[in-house]
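Just so it is clear, A, B, C and D label the chains in written order, and each chain counts residues from 1 on its own.
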Amino acid sequence: MNLLLVAVVLLFVSGTLALVAGGFPALSKVLGAGGSVAGCALGLVAAVGALTRASTEALGYNWDVPYGSFSVALDPLSAWFVLPICGICGLSAIYGAKYLDAYAERKSRGAHWFFFNLLAASMLMVITARNGVLFLVAWEVMSLASYFLVVFDDDDEGVLEAGRTYLIATHLGTAFLLGFFIVLGQRAGSLDFAAIAAAGPPDAATAGLLFLLALVGFGTKAGLMPLHVWLPEAHPVAPSHVSAVMSAVMVKVGIYGLVRALILLPPAPARWGGLLIGIGIVSGILGVLFALAQHDLKRLLAYHTVENIGIITLGLGLGLLGVSFRAPLVAVLGVSGALFHVLNHAMFKGLLFLGAGAVAHATGTRDLDLLGGLSKRMPWVAGAFLVGAVAIVGLPPLNGFASEFLIYLGAFGGEELSDPGQAVPCLLVIPALALMGGLAAVCFTKVVGVVFLGEPRSEQAAGAHRPGLLMSLPMLVLAAGCLLCGIAPQGVVVLLVPVVSQVVRMDLATFSAQVENAMVPLRWISLVASVLIGLALALAVLRKVLLSGREVATSGTWGCGYTRPTARMQYTSSSFAQPTILFFMPLFRIRQTLIAPEGLFPQRAAFSMETSDPAKELLYLPAFRWVGRLLAGLRWLQRGHLHIYILYIGVTLVALLIWYVEIHIP
Amino acid sequence: MDIGSFVPLVLALTVAPLFVGVINRTKAVFAGRVGPPLFQIYYDLRKLLGKGAVYSRTTTWVFRAGPIISLSAVLVAATIIPFGSWAAPLRFPGDLVLFVYLLGLARVFTVLAALDTGSSFEGMGASREVLYSALAEPALILGLAAIARKTNSLSLSEMHQGLGSLWAESGLVPVLVVVALIVVLLTENSRIPVDDPNTHLELTMIHEVMVLDHGGPDFAFIMYAAALKLWVLGTLSVDMLLPARSGVVLVDAVVALAGMFGLAALVGIVESTMARLRLNRVPQLLVGATMISALALVLVYGEAIK
Amino acid sequence: MISFVELLMILIALTNLMLVGSSRIAACINLAAAQGVVLSLLPLLVTNDGIGLRAVLLAVVVFSVKGLFLPQLLRRALLTADVKHEVEPWVGFTASIVLNILLLVLSFWVTARLTMPRPMPSPLALPLALSTILTGLFVIISRFNALSQVVGYLVLENGVYLFGLILAPEVPLLVEMGILLDVFVAVFVMGIAIFHISREFDHIDVDQLTTLKD
Amino acid sequence: MIIALILIPLVAAMVAFAWRGIVGCGALLAATGLAHAALTAAAWFYPPASVMYGWIELDMTGLLFLSIVSALFFASAVYCVGYLARERSTKHIDLEEHVYFTNEPDRIFAGCMLLFLASMTLVTVSQNFGLLWVAVEATTLASAPLIYFHRHHRSLEATWKYLLICSVGIALALLGTFLLAVSTLVDGTQVARLVRADLIREAARLDSRWLELAFILLLVGYGTKMGLAPMHTWLPDAHSESPSAVSALLSGALLNCAFLGILRIHQVCVAAGRANFSQNLLMTFGLLSMLIAAVFILGQTDFKRMLAYSSVEHMGILALGVGLGGAGVFGAALHAVNHSLTKAALFLVAGNILTAYGTKSVSDVRGLSRVLPLSGMLWVAGFLAITGSPPFGPFLSEFTILKAAIDQGFGLVAVAYLALLALIFIGMASIVLPMAQGKPTVPAAGPGRREVLWSTLPPSLLCILVLIIGVYIPPSLSAALHEVAMSLGGR
């Protein structure tokens, strides 16, 4: 615990120093990034220690603000979330140190590093806070810091717009959290989590209210549908290493909050689990579908964050159902799958965003239809990105598969769920996950294919350059992590055991038994993964042997008889995704523009597809407009006429007099 | 694990190409031609393995990695499938999920290899392939889920054994599942009515167009992988359909083999009697298959209740 | 047979009515002045413990301030700011009178419900105090002219003062003096403001001051 | 000592008025402010004795508000040093009507500022309701000329409205004071003087009817001055037209003083066991004010008016907090401090923006953080603080008030409160942030575009104070706030 606090302090101090040293960019960069890396390293050590010891260390000091106390603790759950936070933040800092040089002449980067390290520190504080006020303060600092990171490039009006959307969304979400913590602390008369836990569970109605408040409040940060609208706006416009941190880690803090809330609340009734599963399925499927429809690389990735958060949520929901159905295996599998996916998603989403950043950095565009052929120009990035893509699609032998596999097992439920009423909600998860997997495959074959393969579609893409070591290294590390967690999942899930036992409250005997049940298939998975890789290598060697000594020619791609193919004839992302989108047409609000070729010698023809987010178009904008009109209807109150103003006073006075005389005097 | 459990694998590795041969022969018969010899695929494979290769300038290592990874994925998938009364060498709770995702892996790399060529035709095929398989996956996994719930086991081998024991009263469920499985099989292996393996117009192709640029050993890998995939999925259906146990291992094996070639013939017949569907009809077929699987799952519970 | 106090009360009521009814600013000022004089007589009558020094002093000050000085101030302002001497009302005169009557009724209704802490010098006193206040407000509201608004403010203050006089004569003298001083300064400052307005805008029609709005 | 508190500014004012050739009025202001602040600080450690038979006395509530007044006056005085220097030139071109106008002579301005300080000090120390009334009225009269510092049409209009509306309100407050006196009559004899202490001591014997009536009238009267909707109408005009230093004082100090008046009578009501009555009224007006503020902040085009409406909002929050009772009162007391400091800082920064960009229209101000880096930072920080974001003070107070609302079982009130806060956040976010960010609309170099210490130091210090309160409330302060809350029937 102390170590972690040291890490927090280190982050904060280094950030501040970087801000002070803003005048000397080099120094400020070293201070900021270096401090970030050092702090994150410390944090990782602390977290791993806590996980292996499976212990809880708490500290409590009094803090002179109303209802506040500086009580923090590092229990397995917190420690588990510290892993991705520190891992991703550290790596992103290394990456960012190089990435930001592009802005050298336009921006002072001291402030950036301040907020970056502040973000990391505040996330750690949120994870460890054990007092409502402390939690809220850290939470809001986190949101603000990330906001200022998002609007780093404030020359662009779009960036500011997106940032504002984000700030407002997160602020509204926080409003629900305020309510949540206050209501939660009512029985205890204190906002310390310990006291709340001691005070015993609230009645069912209050618990339900609390659950909803937490779901909305934390769900907004996590980006659950339909609370996700800010996410695809804000994540793309931020500098890429910030996008990585936000998309891979900060949304997870929302998940952490949800889990923490569930621990503080009484055991969940089945309907909570059902609700989570429902939301998870919606977020997952719609998330991936919208992702499929995007042309902006980073926006696409942002929507995939929504999808993966959906997967995590339905894993959690599965766990809750397991608990309430007395089905320990389902509970353990669901929760551990979800939490494992938290880590995995952090790794591959971080990797993907860093990759996207490298692409944007090298080509100056994020528009898929302008990219292509980058795997020749930046092979390492391409390789790493490919690993991330395979991982996010959830294919063996990588980590994405391992965690989804656990959720699948939980969904099948074994002998535990014989009653249809219980089994059906769980079984719903299966086709949903399958569909998500399939669609994710569509989406990422599209991304990898259009960005890295084929011929470049524009000069920018053709002129792309290697990103350099500082930017490549973090990606390679993350890729290695994805592979490692895919090949040896059981090794990681072992660390998860104490965490899961916190979430599913069951006696250790049954619990450990179930954990063993969950472990067996994982060992097999790791065996298969290694076999798969071995086979691939063997075949590669075989091929080499076969081709050795034979002539291996190169020529143009077979154009099916057409001899003058150009890069612009390639399939674009729009055309690749079109069949799928057309099939799911009812779910989209699509604007298609088609300039059909005409005549014998058509001059120009074009096809493009814009999809807008229905949640935003149909839910939020109308609501805001309505409120706006409602309030604007009162603006005649202040038209500048003095005697009208005094009339208000007179009317108020007379009204009050009459009211008083009528009501209070018999 | 016993030696017997390796028989299905060996069988798959050796007999899979023959299965394709049988299909082609059946089609030839229906078309009134002599058709290629049954072992044609073996000849092709040998010839291709002996050849050099020509690569497009556009392509990168992804193009070369495609066939390799696809083949190895399918190979691993083959080690999960039981045959006759032999359990698979690789069996553990949840291996059915692994099976589905291995096929997915194979597909993804085929598609990527296709996109690596930068040819618009191959892109076209790829974009169709991914949609269809995305829709096929739920059908497949739901069908397997139904059987899994029925036999209370998450391993294909155990499911197979389990079905055998309750074949008598298992009733409609396996049949429905098999129907769904066959649709999936036709899709995954791009047979008629989903795709026409020996059409000659690239615009209409799905699978074949994706491998246009491959040659030599790579193409051999692809052909072999395709054959294996066909065999594996076929075995799965046959296992579901004929889980009868005579108690004599060999008899079961023969029954299963017979089933396989029956299936091959069936596919051939379908191909030579049906026309391929319009591209935009295919998704409906797949959704239909998913519904059938779902129905099977519901039935499982229906039986559980009564 | 009505007492002298009653008479004064009726006078106040009449001044109110004439105030809302009269169209000339000068007349309004005079009416306000008259009201001030009437008020200045009251302390001598309402105090139940004989006429003491306090009462006299108060009467004198009130007379000089409300009866003489402030009206004079307003008259001078009226001259300096050469305004049209007709007040242009927002509410027509007849309507004003009717409304004023209604306000009077309202005051009676309200005050009737209250329990008096002490015997009133006259049953009319309290309602009239309230109605005078309301009248003052009404004048401020219904007149566009800065000067007439000040007059309204004076009437308002008169009402308040009447209220205090009949209900709480115990309020220490010092406070009353302070209060008078404040009213005095207030009107003074308002006078200055009006002077500036008339110089800046060459009119003192408040209704045209509507630049600041949302 | 208390007398000194009032006399120092008074004398200084006299000097300013009398001495025609005086130079360095800014210095005079700053010096007086410093002395005043020093005395106030001393008052924390050596509680001054009461004078004039307890008419003038410094209780904890008074001391709290006095400290706010003193601190803010000192800040604005320092700001004025730079401001008057900038505004020295005789003729100015009016930004909106493009006619020439002159400023008030410095010494008049300074004198009125000092009178303003004196009168506000008197408000905070007067225990007698009559005297309180006199003092409040005096603040109006002293501040009216300040609003008319820039002698052009709009400021004159604002002054007139301020003068008339507030005078009317004050007149009603006077009536309320009389009614309060009436309530002290038990069968014809007065049981208590109009001094707070006596009233509280004899509260049980007061006539509750007349007391409640008195509360109504004082609420309307002082509420007008405090800016509670719907009597708030003078506030945006006066705040937007007066010099920023004055706006800061009006918003941060004057409104509080008026609020103090309401608190005093509320205190009597509490003592008399009529707390429910006054609390309900306060809650109603509080929520109403927040609503009105939200209406006019959304889509506001003038950033000084936006700040003014935000003051209306926060006065509403104060009223709501006191109305909720319990911990809400503590929250309100804390919020009074937070709001004053933050809002003053914001107004001072607004003054810098005004001089740099020469416009009050939001749409014409962009890229502030590049033209005036420090002011830009303060502008955004102040916005975050005033909208109740951690780690700034207002978060804690607004949170406390929210908690009070929920704990007292006013669920709907809590919901409305949160909703309105959210609306106002949205409104201010879409006004303030675009101003701070983006490409500057004016060249970085130009008149008034250089940040001088006089104009940046005061707001910076205020912001730092707010930040400190946000992360650490000194035990002494919270003890004082608790004492205040206790005296107002809260916790």
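The definition used in the following text is that a contact is a pair of C-beta atoms (placed from the backbone, for glycine too) under 8 Å apart; a residue touches a chain by one contact, two chains touch by 3 or more.
Every value quoted in this text rests on a predicted model; they were computed, and no experiment measured them.
Chain pairs A-B and A-C differ in how many C-beta pairs are in contact, and the one with more is A-B. Averaged Cα coordinates give chain A a centre that lies 36 Å from the centre of chain B. Note: centroid distance chain B to chain D, computed from Cα atoms, is 78 Å.
Computed centre separation for the pair chain A/chain C is 70 angstrom, with centres defined by C-alpha atoms.
Chain A and chain D have Cα centroids lying 44 Å from one another.
Shared interface positions of chain C, defined as residues touching 2 or more other chains, are 114, 137, 140, 149, 206, 209, 211-212, 214. In chain A, the residues that touch at least two other chains are 635, 638, 642, 646, 649, 653, 657, 665. In chain B, there is no position where the chain touches two or more neighbouring chains simultaneously.
A complete list of chain pairs in contact reads A-B, A-C, A-D, C-D. Residues 49, 51-62, 64-65, 68-69, 71-73, 75-76, 90, 92-95, 97-98, 100-102, 104-105, 107-108, 111-112, 115-121, 123-124, 126-128, 130-131, 133-138, 140-142, 145, 148-149, 152, 154, 202, 212-213, 216-218, 221, 279-280, 283, 290, 294, 297, 301, 304-305 of chain B are the ones that touch chain A when the two sit in their complex. Residues of chain A touching chain D in their complex: 63-68, 133, 136-137, 140-141, 144, 151, 154-155, 157, 160, 163-164, 167-168, 171-172, 175, 178-179, 182-183, 186, 627-628, 631-632, 634-635, 637-638, 642, 645-646, 648-649, 652-653, 656-657, 660, 664-665.
Put simply, chain C touches chain D in their complex at residues 114-115, 117-118, 133, 136-137, 140, 146, 149, 153, 156-157, 159-160, 163-164, 167-168, 170-172, 174-175, 178-179, 181-182, 185-186, 189-190, 193, 196-197, 200-201, 206, 209, 211-212, 214. Residue ranges on chain D touching chain C, taken from their complex, read 128, 130-131, 133-134, 137-138, 140-141, 144, 148, 151-154, 156-161, 163-164, 167-168, 170-172, 174-175, 178-179, 181-188, 190, 193-194, 207, 209-210, 213, 236-237, 240-241, 296, 300, 305.
For chain C in complex with chain A, the residues that touch the partner chain are 90, 106, 109-110, 113-114, 134, 137-138, 140-144, 149, 206-207, 209-214.
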